[in-house]
Structure formats: structure tokens, C-alpha cells
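Chain IDs A, B, C and D follow the sequence of writing; residue 1 opens each chain.
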Amino acid sequence: MWRWFHRLGSPRWFYQTSGRWLPWLAVLTLALLVIGTLWGLAFAPEDARQGNSFRIIYIHVPVSFLALAGYYVMAVAGAVNLIWRIKLADMVMTAAAPLGAALTFLALFTGAIWGKPTWGTYWVWDARITSMLVLLFLYLGVVVLRNSFSGRDTAGKACAILALVGTVNIPIIYKSVDWWFTLHQPATIKLSGAPSMHPDMFKPLLVMILAYYCFYALVLILNTRTEILHRERRTAWVNDLAVSELAVTELTSNEQ
Amino acid sequence: MNIQFDGFYFESLAEFFAMGGHATYVWGAYGVALVVMVWLVVRPLLRRASILNELRQNLKKRQHSLYEESR
Amino acid sequence: MTEALRTPASQQAVQERLPPELLPPGEGFVGILKRDLLLAFRHRGELANPLIFFIMVTALIPIAVGPQKALLSQLAPGMIWVMALLGTLLSSDSLFQSDYADGTLEQLIISPQPLWLLVLAKISAHWLVTGLPITLAAPILGLMLALPEAGYATLVLGLAMGTATFSLFGAIGAALTVALRKGGVLLSLIVMPLYFPVLIFGSAAVQRVVDGGSAGAPLALLGAVFAFALLLSPFATAASLRAGING
Amino acid sequence: MAFAALGFERDDVPLFDGLSGAVAAGDILQIAGGNGSGKTTLLRILSTALTATEGSLHWRGIALALQRAEYLADLVFVGHSPGIKLALTPRENLSWLARLYPVREQDIAEALVRVGLAGLEDVPCRTLSAGQQRRVALARLVIARATLWILDEPMTAIDQDGVALIEELLRAHAEVGGAVILSSHQALNIDGVRVLDLAEYACHD
């Protein structure tokens, strides 16, 4: 079993297999995104109270899911690297951290924009948005810690531990923020749950959530592949790759 | 000019862009989302290209220096 | 591998030495605790820094916000807790920094004593030197910020657990950034999210008592977070030290 | 203590590999090699402060991973820095260290005299010279009951009679069945010292 497990972990194997079905994933992601966006923007009925501004939900909710899911992906990759010392896991974690941070920022940004027409202010200390802010701090902690180490191996281990500590604390932070929110504004509407939606509004949301999961996978793999090239640039197979690509480009360039 | 799909919520394309007065917010959010997502996809591709170029430079230099020595 | 020939000098039969028996685990804990307290005592000047910082910064609030009693007493619970957090955070990164600099940290890592126990000793020493004084000084600040009488007991009890949790989580950040030159700012960024629950429950407890309610629930929750930190932090800190020491 | 096929890589830059060796009771093994050849790295691997990328360590014939605490109780490691708190006095330094490792009942003061720090027992180490601070670290060797000593460049910042003291300590330790692994630039005039040159195992790609 061990042989298989290590082969799975070899960056080169990952690079080649992901190379094969990456284009399909890209096409699928694009298709889902376009369908979902059009459906949500143009075909879904308007929300009775919020009017058309509710359509931002089609970005805000999926991205919020991904932001949280992304943290767990990063923590798991970190743990695999910490326990079994598989280099590929460290590369996946290096790719997942900035990606997750960008998605969390996007979630906060779209949440803020959505807040303006609905409650009149860009920033409202609502439970979900506050938890999202804390998640962003957790991400930034990992990203900044990653860049401040000179040695890459120690950086990988340190970030893995920080991500694990963060993962363990997320439920506590989310619960305590919810508890805090009900303490200070018990009366106002409970925003965190998606409002019971009309099926026509809900279907595009499902499509968008699926689209964003594919998007996350696509970008994660893209970043991991680049990280592999970066770390394995001294190896023979990467140089052959560079040469083979060179031949292709020269071929096409002298054709014109 | 109004394009009628079945179920197209808005009466006309112009109204679609107006978004019932919330145009800036909806298009703002979608616009920023688009920018961030495109940047997330493009960044690794650019970085990949620069790494491969760098390798090619080294390979060319090494071939060049070998060629110099052999002469 | 060429096994070098044994030279005649050490030819005579050298009997194998018996391995020494192990010390009880508590031994290292007491040793490090006493050492750190002694060290803190030697640097008496630095001892008061977190405390002075805590008092000075809290004094800023009435100046910044205005001396009206009503406003101050409303702000007091939350503000004292925030200042206590900053006070502990300020002194957290020196937890391992000095040991790393003079090489004693390496001795801790390769000692037969369980590392997490030694780390717990260091954290306890750090709490006794920073957390405890802040907790004891809090009532004075309560006076300065016109905190209603009811709140003092809950404030001190809450701060006792809260500052301990700050030290515990602070240690994880300190261990992760021990080998980095400018680790201080990074330490607070890493550790801040972990402080949110403590701050929420701590200040809510005092707020509730001040408003006449009972602080049972928030204090219990704060206790739970403290217990969790006590369980998680020594192991996470020990692992971080082993990982972070190579810089 | 036996180490087999040790290899170490830092950020995909291999330092050395296939490094094997052993040290038994009464042996003194000197690690030689230029700067940056990985001497300190090897010693830190042997003292478990660092984990090697590949290879195995055995102590008294048993794999190290199974008996970490027993091995560490049997080991004293003196690194580049003396590993003492400068604000404390030599006596205090030895007393907190003594709580980490099993030590001989022998009095700490006696050990300090043995390493030539008589009269300086209660002076803050801050005021001692680098050489004297290193002697405090050497005093740890005297009081420790460990069988294996791992010393990283013990001769640095030591004057002439300090070197003689170290060699005498090593000789005495070897005779009672102790083992020593040390790295040093200068040759030791003790007979029976085996030398392991890291150059043979270094990787240059």
C-alpha cells in the first residue's frame, strides 16, 4: 500500500494526470458559471422586499461556503504534509492559502455591497459577516507566516500547525460570534440562514454553488501545478517540459 | 429592441441593466467578483510561463556556453 | 562504510554503562517554573512593563472619550478586557525569544522531560508574571473608568481565566515566530483570531452583571474556552517549537 | 549509538546522504568537514533536535523512535552557544539543568571547581568571558550521568588550558565506558579518536 501512497504523492505524477483532465474541468466550470450567472441575474424573479439587489446572493453565498471549505482543505493538506511528509501536500497548502484568502475577501466585499441597499450601510456587525472577518484574519495569519520564513520546509510545518490550530478554533469562534450576535441584537431578522427562497430563486443558487466548487478545484490545481514547476525546476522532467514547450512555440512562431 | 425569452424576467434589456435601481450594487459586486476570479486564474498561468521562460533562458545559456567551449 | 579499526589504546574491555533511570516528569516542570520566575525576578525592571502599559493605556480612554461618568462606565467592561488582551500580547513574544537567543531552548527540546510539560511551566511562569498582576490591578482601573460596584468580582474572576487563556494561545504564536526576527507583529496577527471568543465572553460577563443580570453563562463559557486552551496549547506549542526552530 | 544511511535535505538542496556510522562504549568520534558541510546539522540530527530526511538511528541496538526518553536521558548535547541563561549564576544554571537530566549526586560546586570556575559560582554569567561561559557548559558534562556526549565545536573561545581540560574530560569519560561524538576543526591529541569526514558523503549537484 505504501508504494501506491507515495506514488500518488509524487508531484510529477500529479502534474501529468491533472494536465490531462484540466481542460475539461475548465470548460465545465465556465459553462456552469455562465449558466448560473445568467439564470440568477436575468431569469430568477425579483425578491419582494430587497428588489434586484438580492441577486448578489448568487455570488455571496457560494463564495462564503468556499471560503470556509477552503480553510479545511488547507488544514487537511497541511496535516498530510506534517504527518506523512508528502511534499505535494505542502504545495497544495501553499496554493490553497492565498486562494482561500481571496475568496474570503470576495465574500466580505459582496456582503458589504449587498448590505448597502438592504440596510443602508456597507458594514453591519452581523454574526455571519463578523465570522467571515475572523476567517479572513485566520487566512492572513497563515499567508503572512508562510512568507516570513526563509526555509520552505519549516514554513510548511509551521503553517500546517497554525492551520490545524485555526481549524480546531473555528467552531468555537463561530459559536461565540453567534452567541454574541444574539446577545446584542436579539430582535433583528436572523440573516445567517438563507431566507426560505422561492424555488425559482433557489435553483440558480445551487448551480452557482456547484460552479464555484468547480472553480475552486480548477484554481487550486492550477496553482498547485505552478508550485510544482517552481519547486521542481531543477529536476530533469521540468527542464524537458520547458524544452518541449519551447519546440512547440518555435514551431508555431516560424509558421507565421 | 426587446428580446423576449420565455421567463426572461425583465421587460427590456435596458431595464435588465438598470436592475430596478440597484444597478451599481449588483453590477459592482459581479464586476469585482469577475475581476478577482479572472486574476485568480490568470496569476498561476503567468507565473507558470515565467518559470518556463526562465528555464529556457538557462538552457539556452548552457547550450551556448557548451558551444563556446567546444569551439 | 569503512569501520575504522579499533586502536589498541581502547582495546581493554570497556563495560557497557547502564542507562540512568528517568526522572519523574514533574521534575522538569518545577525546575523550569522556578527558573523562569527567578529570571523574571532578576529582570525586575522589565517585570512591571505589561502592568504599566495596561494602566497607562486604560488611562488614555477617558482622555480620548471624555470624562462623562455615564459613557465611561458603559465602556469600562469592554475596554478593560481589550487592554488586558493587549498587555498580555505585548509580553508574549518574549516567552521563547530569550531562550532561543542563548541556546537554552535547544536544551528544552532535547531534554527527556516531555516538552509540552516544560512549555506549560513556561506559560504558567509567564501568566504569573503578566496575567496575574493585570488581573489584580483591574479593579483600580475599574475605578478610573467608573465601573459600577457590581462588576468588580466578575471582572477579576473573568480576567483570571481570560489572561491565562491569552497566555496559552499567545504561546502558540510565540513558538511559531520564535526564529523570525520581527516576529512581534506577526505574533499578534496569528493569535488575534483565537482571542475573539475570550473577549466576547469576558466582557459580556461583566456587562451582564453591571446591567443587573447574572454572569453565570458567559463565565461558564469562558471557563470552557480556558479549559480548551489549557488542553490544546501545550501540545500545539511544543509541536510549533520543534517545527519553527529551524527558521 | 548507530546511525545508518542518514540523509538530509533542506528545501530540496541535499546536504549529505548515505551517511552511516556507529559509536560504542569508549569511542570518541570526531566529525570533520569544512564550513557548511553539515557538521552541525548532523549533530542536531543525532541529538533529535532535527529529523533527517531519510536514514535511521539506533541506540543500544533499539530503534530510537521507540525509546526517545531513555535515549535523551542518556545524552548531553552542547551546541554552538553554551546554552546557559546569562542572568543567572553558574550554580543556578546547573541546578535548573540538573532537573532536566539525571545527574550524579556529586555537588554542583565541585563540578564548577573541576572546570576551573572556582570562586565564580555565584557571579552572574553575564559578567563571565565567553570561555568561562563555555566552561559552565562543560561543567554540565561533569555532573551529567549520560553515557553519550554530543559536542558541537567545544574548542571555540577556549584558551589553551581549557583545551587540555576538555581532552582530559573526554579521555576520562571514554575510559568509564562513555561515548563522545564531537565536531572540531583542530585535531585532538587523544589516541583512539576515529574521524568521520563529511566530505565523503556531501552531495554536490
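Going forward, contacts are C-beta pairs under 8 Å (C-beta built on N, C-alpha and C of every residue); 3 or more make two chains touch, one makes a residue touch a chain.
Predicted, not measured: the structure shown is a model, and the values here were computed from it.
J.: Whose C-alpha centre lies nearest the centre of all protein C-alpha atoms?
T.: Looking at where each chain's C-alpha mean falls, the closest to the middle is C.
J.: Find the geometric centre of each of subunit C and subunit D from their Cα atoms only, then give the gap between the two centres in Å, rounded to an integer.
T.: From the centre of subunit C to the centre of subunit D is 32 Å.
J.: Express in whole angstrom the distance between the two chain centres, defined as the mean CA positions of subunit B and subunit D.
T.: 57
J.: On a C-alpha centroid basis, what's the spacing between subunit B and subunit C, in Å?
T.: 46
J.: How many angstrom between the C-alpha centroids of subunit B and subunit A?
T.: The separation of the two C-alpha centroids amounts to 17 Å.
J.: Touching two or more other chains, which residues of subunit A qualify?
T.: In subunit A, 151, 153 touch at least two other chains.
J.: Which residues of subunit C are in contact with two or more other chains?
T.: Expected reply: 245-246.
J.: Find every residue in subunit D that makes contact with two or more other chains and list them.
T.: none
J.: Go ahead and list every pair of chains that touch.
T.: Result for touching pairs of chains: A-B, A-C, A-D, C-D.
J.: In their complex, what parts of subunit D are in touch with subunit C?
T.: Against subunit C, subunit D makes touches at 20-22, 25-27, 47-50, 60, 68-70, 72-75, 77, 79-88, 92, 95-102, 124, 145-147, 174-178, 191-192, 194-195.
J.: Would you pull the subunit C residues touching subunit D in the complex into a rising list?
T.: Residues 1, 3-4, 6-7, 9-10, 14-17, 19-23, 27-28, 30-32, 34-35, 38-39, 42-43, 98, 102-104, 106-113, 118, 245-246.
J.: Please name which positions on subunit C make contact with subunit A in the complex.
T.: 172, 176-177, 179-180, 182-183, 186, 189-190, 192-194, 196-197, 200-201, 204, 221, 225, 228, 232, 236, 239-240, 243-247
J.: For the complex, which residues does subunit D have touching subunit A?
T.: Within the complex, subunit D contacts subunit A at residues 10-12, 205.
J.: Any idea which subunit B residues touch subunit A in the complex?
T.: Where subunit B meets subunit A, its residues are 5, 7-10, 16, 19-22, 25-26, 28-30, 32-33, 36-37, 39-41, 43-45, 47-48, 51-52, 54-56, 59.
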